[in-house]
Amino acid sequence: MKLIIAAIKPFKLEEVREALTSIGVRGMMVTEIKGFGSQSGHTEIYRGAEYAVNFVPKVKLEIVVSDGLVDQVLDTILKTAKTDKIGDGKIFVLDVDQAVRVRTGETNDDAL
Amino acid sequence: MANFRKISGLAALASAAALPALADTAPAVANSGDTAWMMTSSALVLFMTVPGLALFYGGLVRTKNMLSVLMQCTLITALVMVIWVFWGYSMAFGGGPSPYWGGFGKLALAGVTKDSVSGTIPEYVFSVFQMTFAAITPALIIGSFAERIKFSALLLFIALWSTLVYFPIAHMVWDSTGLFFKMGAMDFAGGTVVHINAGIAAFVGCLMIGKRIGFGKDNMAPHSMTLTMVGASILWVGWFGFNAGSALAANGTAGLAMINTFVATAAAILSWSAVEGMARGKASMLGAASGMVAGLVAITPACGFVGPVGAVVLGLVVSPICYFFVTTVKSSFGYDDSLDVFGVHCIGGITGALLTGIFASTAFGGVGYPDGQTMMGQEIVQIEAVLTTIIWSGVVSAILYKLVDMVLGLRVEADAEREGLDLSSHGEAAYHS
Amino acid sequence: MANFRKISGLAALASAAALPALADTAPAVANSGDTAWMMTSSALVLFMTVPGLALFYGGLVRTKNMLSVLMQCTLITALVMVIWVFWGYSMAFGGGPSPYWGGFGKLALAGVTKDSVSGTIPEYVFSVFQMTFAAITPALIIGSFAERIKFSALLLFIALWSTLVYFPIAHMVWDSTGLFFKMGAMDFAGGTVVHINAGIAAFVGCLMIGKRIGFGKDNMAPHSMTLTMVGASILWVGWFGFNAGSALAANGTAGLAMINTFVATAAAILSWSAVEGMARGKASMLGAASGMVAGLVAITPACGFVGPVGAVVLGLVVSPICYFFVTTVKSSFGYDDSLDVFGVHCIGGITGALLTGIFASTAFGGVGYPDGQTMMGQEIVQIEAVLTTIIWSGVVSAILYKLVDMVLGLRVEADAEREGLDLSSHGEAAYHS
Amino acid sequence: MANFRKISGLAALASAAALPALADTAPAVANSGDTAWMMTSSALVLFMTVPGLALFYGGLVRTKNMLSVLMQCTLITALVMVIWVFWGYSMAFGGGPSPYWGGFGKLALAGVTKDSVSGTIPEYVFSVFQMTFAAITPALIIGSFAERIKFSALLLFIALWSTLVYFPIAHMVWDSTGLFFKMGAMDFAGGTVVHINAGIAAFVGCLMIGKRIGFGKDNMAPHSMTLTMVGASILWVGWFGFNAGSALAANGTAGLAMINTFVATAAAILSWSAVEGMARGKASMLGAASGMVAGLVAITPACGFVGPVGAVVLGLVVSPICYFFVTTVKSSFGYDDSLDVFGVHCIGGITGALLTGIFASTAFGGVGYPDGQTMMGQEIVQIEAVLTTIIWSGVVSAILYKLVDMVLGLRVEADAEREGLDLSSHGEAAYHS
Amino acid sequence: MKLIIAAIKPFKLEEVREALTSIGVRGMMVTEIKGFGSQSGHTEIYRGAEYAVNFVPKVKLEIVVSDGLVDQVLDTILKTAKTDKIGDGKIFVLDVDQAVRVRTGETNDDAL
Amino acid sequence: MKLIIAAIKPFKLEEVREALTSIGVRGMMVTEIKGFGSQSGHTEIYRGAEYAVNFVPKVKLEIVVSDGLVDQVLDTILKTAKTDKIGDGKIFVLDVDQAVRVRTGETNDDAL
């Protein structure tokens, strides 16, 4: 199994989730994060005090899938999250040792 | 307030006309319409303080200090009101002959009953109205050293400051035996006694307490501009009690004060937004809220004396001046007046006090000067009143800060400041999800 | 309200003096000043309920139950107002001779027109003012069983409770034929009929409905102390309509009620904060807000009868008592009065009712007792009124809770409670980012 | 407002009676009670706009557009008030003889002094009261195209719209020489001039500006239903100034307007919640808040003419109608009226205007029609007034939108819309943690 | 060392944390997330606009423990987070290369 | 490539970000978390109800870097995040299989 971590633009979340569901992904964890990268942030000025906000709002997806599904998931995210503008995001893949479903105690691929 | 009567004899005309005979022959009885308006006004001025000012200031600080600001406004209000009953009212309006204070004749409201009348309203109502002014003025101060003051030290300072600065200056301005009153200073609703007074005390405070940790480096953006806007709006709404209430009656002068409080504020919102639009390409909500308050501050001394067009001009003028102070001046000198009490209240108050002397002229649609006074002469009086206030309040405040610092320490520990005053001083957090 | 007139003949003096001849010879015409004040007061009491009380309570619950509290306050207000028009006004002030209710003479406001006058104000305005009291009282109750009540059951309970508890007790206290009125009970603005009444109904409610899931284990910290502070402040501001409005005129008695409502509250804020400071080393915003409400509750029956110094003492005393109840007593007995309606409203109300009988004495700066009454005698009357209210409201409420439980069920399912009432009962969430 | 006098001679009776002799023999002097009430009312109507309407609307948008809504409400208020002083008051109430506008006789408030009286109140107060109406009306419009309008374009549009639509229609309805006034249209507090007028301009606006990006696809749930509820409640409280203030005096008619504004709103809350309960099994806070506003809108034209039971019926009826428009009709036609200005204000306003003509009948407990008028005849007048307003406002608004679009562009860039107007148009964020 | 990632129901957090503490876990990172899985979300309707909220609030725990503790941690979470209702959550185990404690510079097992 | 996870004190975020940027880190994901560890939380009392808040606000950084940069990143964080007070935080290093940049489809080191 692999853990796929993807940072994407927030307004793409629904689209990506739907696309992933349609290829058989059955679960994920979604976190609102502040992204730092080549996409620059913005400046806010409050009565003369200037604050450079270097972070850009992003959404992080964490998805554990069986090895066989990894490429398809990558493809799907690449296609749906893309706007061709800077800041579209990154995807990382890590190895997962074990997975367990709390409710049933099922493990590994059965738990996904 | 009361003093507009003396100054020109114009202001009180409408209401005075209503009961001339009565006043001499029968025991004074309160006028129900004036009483209704003054009770409404008193409630409005409380509304300005809690939650108005508390939200305006609270929205501007970081989440971790939100409750500290709310607590400071609330406890100052409570403390000053209790003091007011025991010695504040007497020190300001006790009936003594001194130009500097009212004496001890009305300690604990001695002699005031529900049948006592002051002008055309019950004396209790007059006292209550004045009490709300006494409560909001020190609450204004806290903005300059928000996010780092020690709570107990603040309360001690305010108790002393009210006693030694506010009550005397209120007496000087509004009591008929008061120093400025006799000089003929025109201050309809408290530009000097409230805004310049609090503004200079705040300025001295932030200098003596020092900058916040991380000032100029950390992101100290307002935690809720929404709440700041709500607070500013409540200030505007409540300010009609403050300004039109200062006519002490529901009459044409109150109406004049009201329309001026509307339109000067509107103009100041527009001009602050315009300046921002030119300076950074965008008009911000904080800018509009700041313009709102600046306009309200500036029209305060003027509202019963100038005409509506003069009020609009006053509003248009005050915002760029305050803007210059809260941006350029503050950053050049590098003091940390957290919420710009000096730049908005003191500078806005001075602008208003000085322009009152000009726009009150009938030439500019104002109600004119006291008999025999010229514009130049009036301006000199205005300047004297402003300077006296700045010096009195500045010097006494400095001494009191020093004193309190020696007794209790003015500032919290660095760790407590970093954790935020809500947890470290009050043991709670403003928000939980 | 009206009853202060009878009691001493003192209270209504100022206003009465204004139109003595008129009253007998010409058709009654409303006094514009009194009318202005009473309309303002009515708007203020609505303001207390929505958004005041709704925010005060709403800030104290967890995010997932915020809207349920807002909805309960809103719908109770709406429901009771419609009921008021049809039978509430008549049952309370219908003009019938019974000491227990007003009869059906004014169902659907029969006979009331815009020319009807009640005292010195239009009867519509009197009816509206009273209506706002009828709306806020049941809304107070919801705090004790917040976060678990079934919405439909609540509305049914309130419709019944208003009819069988509130209207009769309002009649007893404020109508000149009413039981307590005739006994000479001193309750200027509704300490018994509003606070003790709602407080005991709330207490019975939380006992019968049971504790929240996770009570004493989960973190149930207020989701927004900011909103709670805003709500408390709005309560304070609106309470001037409640208390000074209960003079039913803009006169010296209203002024007395107003100053007392200011200073008792201020004193209670200080004393709650002081007790907290001593007990846990820090004064919290929730403490100050609680003190604010406790002070307001306690001064409610007393505000037109005691002097300002008496009011300060009353405020200083009430907070420690309520503090003791919401901390020690509640945790010893282990009932889950979620937002402390019993500890603040019922206990604060009782404190106020009993101390009214003492501080009203001219010896303590009060306006004195009805002719021939002594302090001791008055205290007995006060106690009788309190006990009667507690028993009537307690017993009838218990029966009504039982009844509603049988018909609809009082409580939501465990899963719905865990998910939060906003989603499970109202299908929405208070906040989205 | 003023027109209720002419219509039946009934409405102004109480206040008129108070100073008949005086009015002819002595120079007019303002009545302090009426003045107190009208100053309070003016402050209340400002309160409706900032922060009331701003919060009601602001809570309904997404976080990223919160400040844009607050800014739009604030700057529109400021802009219209300054315009009002210079030419608005004159165009509406300048004293000219035209049925369509008031002329230029009172540009820059020429000739108005603090001794000028209008009816029983200072003319400044009358002008201020009317000014607050002029400010809130255009602010209502922004709800239909929230989250996508260009800020500068909006301000230009509003300046033009106020001048060419609002001031003329205000003149037609409320000035004694005005078109609708002469026709005998019954519009007590501005159902046509405020709600239908703004509602139709909003409708045209959202059609011409187009849908939001992601409309019907993205989750556009309100970012804070809490703030929306607070805003709606403030609207209700402030609306007493709007409606009862439209009596221009503190008398029985004001009392009637007040009770109706209470109970129609209460009824509309109940009926919206009931409809929702039936349609989706749950009553939501947004539903109750929508019902609140719908009830307030509907009772606006009727409040001084119908009886309380008629008001309840009106309230019960309006909510289902508006509900049908904001759900079924809107989704069938697919226009993106973001915050339902058309569905609530225009439809609610029309409902109110037409039912005013019916429930004003003495048969239904109303005050009756002008001499010689029948229910049918009155209904025709009502319809004429509604249609004229819809056409005038609809057509002129369309032209102005087009014009502004050509000059400045009505809509922000897609990226700016996606980022949110707070950052892209105002350079700040509403919340920081 | 292993990184244990667990998505659980929010109201179980305190219980799980206590249980883990009692078996010797000394640190963790807790994040509020939106979970997507077989547990379905809810629908909100605002004046006729219907929004399907597909995500369910969950809490994510991230715990780094020495290899020896992994099984015990899994067991403990399985036991305490379980309500036998759908949506109880998942647990994933990943391999950790290094760990360092910032304050002391201690590494690996000493850093936990 | 490695994924470096660091839990640090919130007020250190800006400093750490700047220091990392200066050694060539070009991207990261930042999450506000509740930390549990040896640093103790605080107690809040509301009208007699006492709540022990066991969690301390922390910020979690997730940074994927090429293997060569790992040591430098660790050093930099260790230096800048350190206040020598308890609760300074932890750093964990995990192995990353793949990385992809959504906008361009670049993979692995090129994607960082």
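Each chain carries a letter (A, B, C, D, E and F) given by its place in the written order, and its residues are counted from 1.
As a convention for this text, a residue touches a chain if its C-beta (ideal position, glycine included) is under 8 Å from a C-beta of that chain, and two chains touch if they have at least 3 such contacts.
Because the structure is predicted, anything quoted here is derived from the model rather than measured.
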Each chain counted as touching chain C and chain F at once: B, E
Rotation in the CA alignment of chain E with chain F, degrees, nearest 5: 120
Repeat of the C-F interface, chosen from D-E, C-E or A-D (over half of contact pairs identical by residue number): D-E
Centroid distance [mean C-alpha coordinates] between chain C and chain B, Å: 33
Geometric centre distance via CA averages, chain E-chain A, whole Å: 17
For chain D, residues that touch 2 or more chains besides their own: 31-34, 36-37, 40, 219, 221-222, 280, 284, 286, 427-429, 433
For chain A, residues contacting two or more additional chains: 31, 44-46, 94-95
Every chain pair in contact, whichever chains are involved: A-B, A-D, A-E, A-F, B-C, B-D, B-F, C-D, C-E, C-F, D-E, E-F
Chain F to chain A touching residues, read off their complex: 1, 3, 17, 26-31, 62, 64, 94-103, 105, 111-112
Contact footprint of chain F on chain A as seen in their complex: 2, 5-8, 31, 33-38, 54-55, 58, 60, 74, 77-78, 81-95
Chain F partner contacts - residues on chain B that touch it in the complex: 214, 217-219, 418, 423, 427-429
Touching residues (chain side chain F, partner chain C) in the complex: 44-49, 51, 53
Residues on chain D engaged by chain B in the complex (per definition of touch): 29-37, 39-40, 42-43, 46-47, 50-51, 54-55, 58, 66-67, 70-71, 74-75, 77-79, 81-82, 84-85, 108-109, 113-117, 121-125, 127-128, 131-132, 151, 227, 425-433
